[in-house]
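There are two complexes below, and they share chain A, which is joined by chain B in the first and by chain C in the second.
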Partner chain A sequence: MFSVLRSNRDGRKRARLFSGTGGSFIRLVFSLIITLFGLLLVTFLIGRVLPIDPVLAAVGDRAPQAVYDRVREEMGLNLPLWQQFYIYVSNILQGDFGRSVLTSRPVLDDIKRVFPATLELATVATIIGVALGIPMGVFAAVHKGKWPDHLVRIFGLVGYSMPIFWLGLMGLMIFYMKLGWVAGPGRLDAFYVDFIEPTTGLMLIDTLIEGDMDLFWNAVSHIILPASILAYFSLAYIARMTRSFMLEQLGQEYILTARVKGISETRIIWRHALGNVMVPLVTVIALSYANLLEGSVLTEIIFSWPGLGQYITNSLLKADMNAVLGGTIVVGAVFIGVNLLSDVLYRLLDPRARR
Partner chain B sequence: MTQDLILSVRNLHVGFNTAKGAIEAVRGVSFDLGRERLGIVGESGSGKSQTGRAILGLTAANGHIRADRLQFHDTDLRNLSPRDWRKVRGARISMIMQDPKYSLNPVMTVGDQIIEAYREHFKVNNREAKRRAIEMLESVKIRDPELVFKSYPHEVSGGMGQRVMIAMMLIPEPELIIADEPTSALDVTVQLQVMAILDDLVRERGMALIFISHDLHLVSSFCDRVLVMYQGRVVEEIAASNLDQAQHPYTRGLLNCLPKMDGNHADLPVLARDAAWETQDLT
Partner chain C sequence: MTQTTSRLFKPGLRPWLTSDTPQSRFQARCGRAWMGWLKLAENRLAMVGLGIVLSLVLVTLLAPVLAPYDPLAADLTKRIQSPNAQHWFGTDQLGRDILSRVIYGAQYTLMVVALVVITAAPVGLLVGTIAGFFGGWVDSVLMRITDIFLAFPKLILALAFVAALGPGLENAILAIALTAWPPYARIARAETLTVRKSDYIYAARLQGVSNTGLILGHITPMCLSSLVVRVTLDMAGMILIAAGLGFLGLGAQPPMPEWGAMVSEGRQFLLEQWWVSTVPGIAIFIVSLGFNLLGDGLRDVLDPRGGD
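Coming up: the complex of A and B.
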């Protein structure tokens, strides 16, 4: 299982550490560990480089010098840097991100509370963005240069260039206040909030677990507007990328082959061309999903959505270092996770990438 | 030879509107085809490939075709609806493309692509289609058809890819096969092998073949009749066995360009061109 001589298709032998399916899993874990280590190193260094004195933040600027020195010693700031880093890493590996000055609760508990809200919003937004963006991009590519293409382009451009706070406010004004189609800010009506046990923290799933359909539909009507507004951005991006990937694929020889076989145009587009478009597209979708998972501050503020973006921004403004670093680690880990997911999907979609 | 007329082409024109202006790729090609093997030779840009594509109605979107007659059996190919085209393509006329590296879909297995070609025209279940596909892979002399059936195009060699292509295009038993430089992308050693397989299958099933190539040797050994094209026109039509007695100066020029075993290798002749060839008609 260690180094195995492997012969390539051209007959040359090459040595490869950890070969085979099990080996590729080990290689994956190995690269994950290295990336996570890098992430921890960077967050640690940021924490030391920032011109915020954690001791001062804890004791206040009127504390006598003796208190200041004692707290500094307690916090381990007298130790050499490498020892501090060791303590930092071992704390984080035990799930100890420190205590938030702002909420005076462990940072991990705070993140457990805010991250599911962001996760839920980003996931629903990405599903909407993919479900609409791909067909729109395909539609535009197939009718290149004709009115459907222009329509999609203008729709996308509008989505891309409108400030999100304006779109959010307009959405609330029209669909909540005037038409009453959706519920207002927050994740649930205030009346319901105490009824729900946060099992997963995802409202749509928690309400289903409790089996209360009224609550479920209430959660849906709360999430649908902010999710659609976030989706508008990823939709515009996904549609544009789909269009250009699609045009590239439609010019390939194998499309001509399919036409020679007498295959219907629908099947050529959705099976042959889209099958190849999905390969690069999956990376695009993953990146836009990861971006949404960082939390979108403006949307969260307008819709009073208690998500990660709001949490990190508030902590940053209050110089709450533990919370900021904890949030940063979560965002970094999410990026690594989503990249991993897109890697797996890529292999699934493209037989040439499997080895 | 032509007692059993399959395809009749009269005065075929194919033009393209490009950014640099209109281009006429094919300018008045006429020929009749029976159950025979017809070669079309010519240099790059002579319009031979565009002639083949026009017969299948697959001229690019910026192109247009015009002909006095484009008759396949009782079907007028000049203005078919997309639905009617799908009944002709694959089922009755098919085409073998140049390079299997690009002409097979990289994310579908070989088997799925063959089955798709078959099931488009025959209402059979998947199992029966698979049996036929394996049979077809055997008939193009693939040694382990089950394995190739499950492979993806990047996992097979060029020669094998082209045999897969032949299997895929012949499985619905079309009457006419257009082979557009089917061996140009292959190694010289496998070229003849692939050509022989195609030739056997076409004979066995009594199909007509239009073999488009720039390789005079190949054409003369596998075809009954040869059309020589130059600048979008047919300049000479000749029986393949009489190719060395060709009259037209362009055909003679092409023949002279072929290196000979006992010839003088130092000075390969340069093709002479005459503007008059572009306007004169064969008939």
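Coming up: the complex of A and C.
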């Protein structure tokens, strides 16, 4: 009974994707496989069972019946559903996501091309979120119930309530159009785009590899606004969690002991308490990192950022289902992967979790 | 009638509510609700949130009275006017009054939230209580399914559903509902696990209550308070996703005055005619802030474990 309560309380604070957190490694792997399988099943069902006729989409509605039947057979749609699913899964496991109607390239190649842009945006946003969110959370916890605490709380609630696409538009209007402090949409000025050879696909690193500081600063001025807007959301979340973890630690007896010993308050807060908070925070940060992939869809649209979110949305508007489902699978898989990673990290970092 | 009622209740209502020895179950429940309300009323931010949510409901109901113009009536001679005495928030590219459109847009927002909650919350509640109550393989299967849905980021899954179903407000609502239920199932299951071995459940079972009766009559009520908190907090997220889908052109279709779609329509005039996008965006923000504030306050009252 008690263990149920405890795991329940734990679960409120941690990634809850894998319910077998108390279980063994094998259980974790099993859980991972089931979840990945489910991911494929859901995307398969979305693509095949829901009422859009893929044959009609391919041949158009004026094709003669013979052509329709032939294409239907070529697409394997006359097979039983379980067999179609089998083919679908084996194709995807071999890295074959089908061809995009829009770009007429294999979907996987498209995704490889656009993914680094999203990764770069989400990474910079997470760095900003961590760098600001943790101090804000600590600050709020130390001044619990006073105005700094309320300020951080309201700041966070505003972040949770802001439509990101609107915030992006307002940011563009103010900082790009009116003030001219940052560069506009895209990853580089149009003038520079052809200068850069995509080595890693991460613009900030590629420009450094080339050693061209003008290009590097140009890339920075392009990424800073979308990343900051994206960061607001992870910042709010990280600050809130830091605050609640810190409050838990500051109520512990070892803090009292440290105070009695005459250790300075700064050291108690930043070394003793925060040191113990870092482990659960890793999970929070990983989770918010994965969530940024989601937030990036709308941000990428606003900032014409050539990443995965924009790819999925553009394909969606053209009813290019292979691309949409491929993108969905990749995002889902990354999401699962990050969750798993945070779970493993938690076990590695916290000796108590290993028992 | 009114006189007797007032004489009976007015002086005695407060002691009746705060009585330590309630005479009936109804009185006890009212007393509990009263105490909860007092605690919620102390929280100023929660009251602001409640005010916003109630205003949303009022605006929705009174839209035809409040709106000064027809939200769909285009008048190209008045296109893109800046805010003025006739049009407080200006007009859009077709000369439609933005204030009226924002007022009517409240209807869509409230409708999305209501329909998603009505569909997703009972499903999550049922899945969670059944999984927690029966345990064993039922639990494993149901929770695996829940995990699979949790493995997708919500917006991405909603996008994929809309892609398959086709754009439109109904499909957007369906897509959001399909992504919203898993957390509720999780919460309901956790609450069920804590009560299913309680003495009162055994007592009810001994009295011959069936499994269905136990789940619906004795376990579900225990899950409700946590669920209400979570649902209220989620409403803000639902509004944002619905607005996001509308912004992408996948939710409500023009000329419907849906807020997300209105922000999108104003994009092209952003530099010179900022109000076209700004006003509906502020509306989305205020409403979702209202739900967040209210949910935050409710959590402190109903779910002490979740608070800090």
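The criterion applied here is as follows: the second predicted complex is superposed on the first by the 315 of 355 C-alpha atoms of A that agree within 3 Å, B and C clash if a C-alpha of one lies under 4 Å from a C-alpha of the other, contacts with A are read in each partner's own complex, and residues count from 1 in each chain.
One rule holds for everything that comes next: a residue touches a chain if its C-beta (ideal position, glycine included) is under 8 Å from a C-beta of that chain, and two chains touch if they have at least 3 such contacts.
Because the structure is a prediction, the values reported are computed rather than measured.
Of the two partner chains placed by the overlay, only chain B lies in contact with A:Asn276; chain C stays clear of it.
Between chain B and chain C, the partner in contact with more residues of chain A is C. In the superposition on chain A, contact is made by A:Leu298 with chain C only, not with chain B. By the touch criterion stated above, A:Ile263 is placed in contact with chain B alone, chain C being left untouched.
By the document's definition of touching, of the two partners only chain B reaches A:Glu253; chain C does not. Of the two partner chains placed around the shared chain by superposition, chain C is the only one that A:Ile336 touches, whereas chain B remains out of contact. In the overlay built on the shared chain, the residue A:Asp206 is in contact with neither chain B nor chain C. Of the two partner chains placed around the shared chain by superposition, chain B is the only one that A:Leu349 touches, whereas chain C remains out of contact. In the superposition on chain A, A:Glu120 makes contact with neither chain B nor chain C. By the touch criterion defined above, A:Asp110 lies against neither chain B nor chain C after alignment on the C-alpha atoms of chain A. Counting contacts as defined above, no chain A residue meets chain B in one complex and chain C in the other.
By the touch criterion given at the top, residues 45, 143-145, 147-157, 159-166, 186, 190, 193-194, 197, 236-237, 240, 243-244, 247-250, 260, 263-264, 267, 270-271, 274, 277-278, 281, 284-285, 288-289, 291-293, 296, 305-306, 308 of chain C touch chain A in their complex.
Residue ranges of chain B in contact with chain A, taken from their complex: 56, 58, 82, 85-91, 94-95, 97-99, 102-109, 116-117, 120-121, 152, 154-155, 165, 168-169, 172.
Residues 1, 4-5, 8-9, 11-12, 16-19, 31, 34-35, 38-39, 41-43, 46-47, 50-52, 154, 157-158, 160-166, 169-170, 172-173, 177, 243-244, 247, 290-291, 293-295, 297-298, 301, 312-313, 316-317, 319, 321, 324-325, 327-328, 331-332, 335-336, 339 of chain A are the ones that touch chain C when the two sit in their complex. Interface residues of chain A facing chain B in the complex, by the touch rule stated above, are 252-254, 256-265, 272, 275-276, 279, 349-352.
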